[in-house]
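To start, the structure itself, in structure tokens.
Letters A, B and C mark the chains in the order given here, with residues in each chain numbered from 1 onward.
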Amino acid sequence: MQETRQGSVTLVLGGARSGKSRYAQQLAEQSRHVVFVATAKASDEEMRAEGEDSAAIGGRVEALCEALRTAQCTVVLVSNEVGSGVVPPYPVGCRFRDLLGEINQKVARVADDVVLMVAGLPLALKGHVEVTL
Amino acid sequence: MQETRQGSVTLVLGGARSGKSRYAQQLAEQSRHVVFVATAKASDEEMRAEGEDSAAIGGRVEALCEALRTAQCTVVLVSNEVGSGVVPPYPVGCRFRDLLGEINQKVARVADDVVLMVAGLPLALKGHVEVTL
Amino acid sequence: MQETRQGSVTLVLGGARSGKSRYAQQLAEQSRHVVFVATAKASDEEMRAEGEDSAAIGGRVEALCEALRTAQCTVVLVSNEVGSGVVPPYPVGCRFRDLLGEINQKVARVADDVVLMVAGLPLALKGHVEVTL
């Protein structure tokens, strides 16, 4: 844990009930700087409200990534791993899965640390694990 | 592989057909001490029979974790990773997923070794991989 | 990256939209030798056409593994991780999940490198990660 870092971006990934939020919270608590924690968990309802406008979503993801690249504080993002089951039996599930998978890839590319949570345990996919749970 | 260990607890996690049981079996075979292998795979039927009594389940999980903390033999537990798909389209699926995710976290916390199986290959999430497949 | 390797087999695993194909493509591009890239993604339709003949599938998988063992070129195989969700609500989903899980295990056993992709980031399950994305 460095206490002098600035502008670090951490992406915390994991399946349902994998301990993502706890990891993110502890990471935020041990930071001295301004921290923004965001959970990128869209509900089906939101997805439906979104309609078919993939371009608009793409634009917002691009804006998010640009903001992350120039962030001057500690940013912790939490997102779900949803792509490791069989093909979802409902169309909005497929769309959500594909969209979130692509967003996760884009955010992971600009993040300093990417951590995959499994059963409450962190696994570094990129950078370092900075929290001991 | 240590042949003198006592009271070690290993949790073997993984998706369907990931090689969990084979790993657990080989780990058990190479142990000199008493071994107990448990598969924490509840069927939908069991879940339904369980009804809504989350408190009773929580109590039993707590008792299991307490037993694991004081175990004097090699214990190998096998459990499923079920939280990395989209939201299940049936309610009992959601409940099973959330419950098993929380149980996995609790057991992982008291385990010495936690191994994630992917395509028959073990990945250490905590402690060590003790079997060469 | 070795430029003199011959007959190396890499299995690239991952969920939907995890960056598998991009990794495989870059691995293929940096190889000097003949490369064969295969995507083991059977559609439900294919599964149905297959009918119940598990023995025929098993035979073809065995032939593939034998070919991989004696391959004189760089082989990159891409396959899906589909076993980490809840039990699929449709029978062909269960069958596909179990079958692909077993195929992945068999191919992983003969592969030199097995890489799990998560959010576009490679994690070595066996051997090495040979691409920097």
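Just so it is clear, contacts are C-beta pairs under 8 Å (C-beta built on N, C-alpha and C of every residue); 3 or more make two chains touch, one makes a residue touch a chain.
Predicted, not measured: the structure shown is a model, and the values here were computed from it.
Undergrad: Can you list every chain that touches chain B and also touches chain C?
TA: Both-contact set = A.
Undergrad: Copies chain A, chain B: same or different interface, half of numbers shared as the threshold?
TA: Mostly different residues.
Undergrad: Using mean C-alpha positions as chain centres, tell me how far chain A is from chain B in Å, no decimals.
TA: From the centre of chain A to the centre of chain B is 26 Å.
Undergrad: By residue number and range, which residues of chain A touch two or more other chains?
TA: Residues 15, 81-86, 89, 97, 123 of chain A each touch two or more of the other chains.
Undergrad: Across the complex, what residues on chain B touch chain A?
TA: Per the stated touch rule, the residues are 11, 13, 15, 81-87, 89, 97-98, 100-102, 104-105, 107-109, 114, 116, 123, 125-126.
Undergrad: Which part of chain A faces chain B closely enough to touch in the complex?
TA: Listed in rising order, the residues of chain A that touch chain B are 14-19, 44, 81-86, 88-90, 93, 96-97, 118-121, 123.
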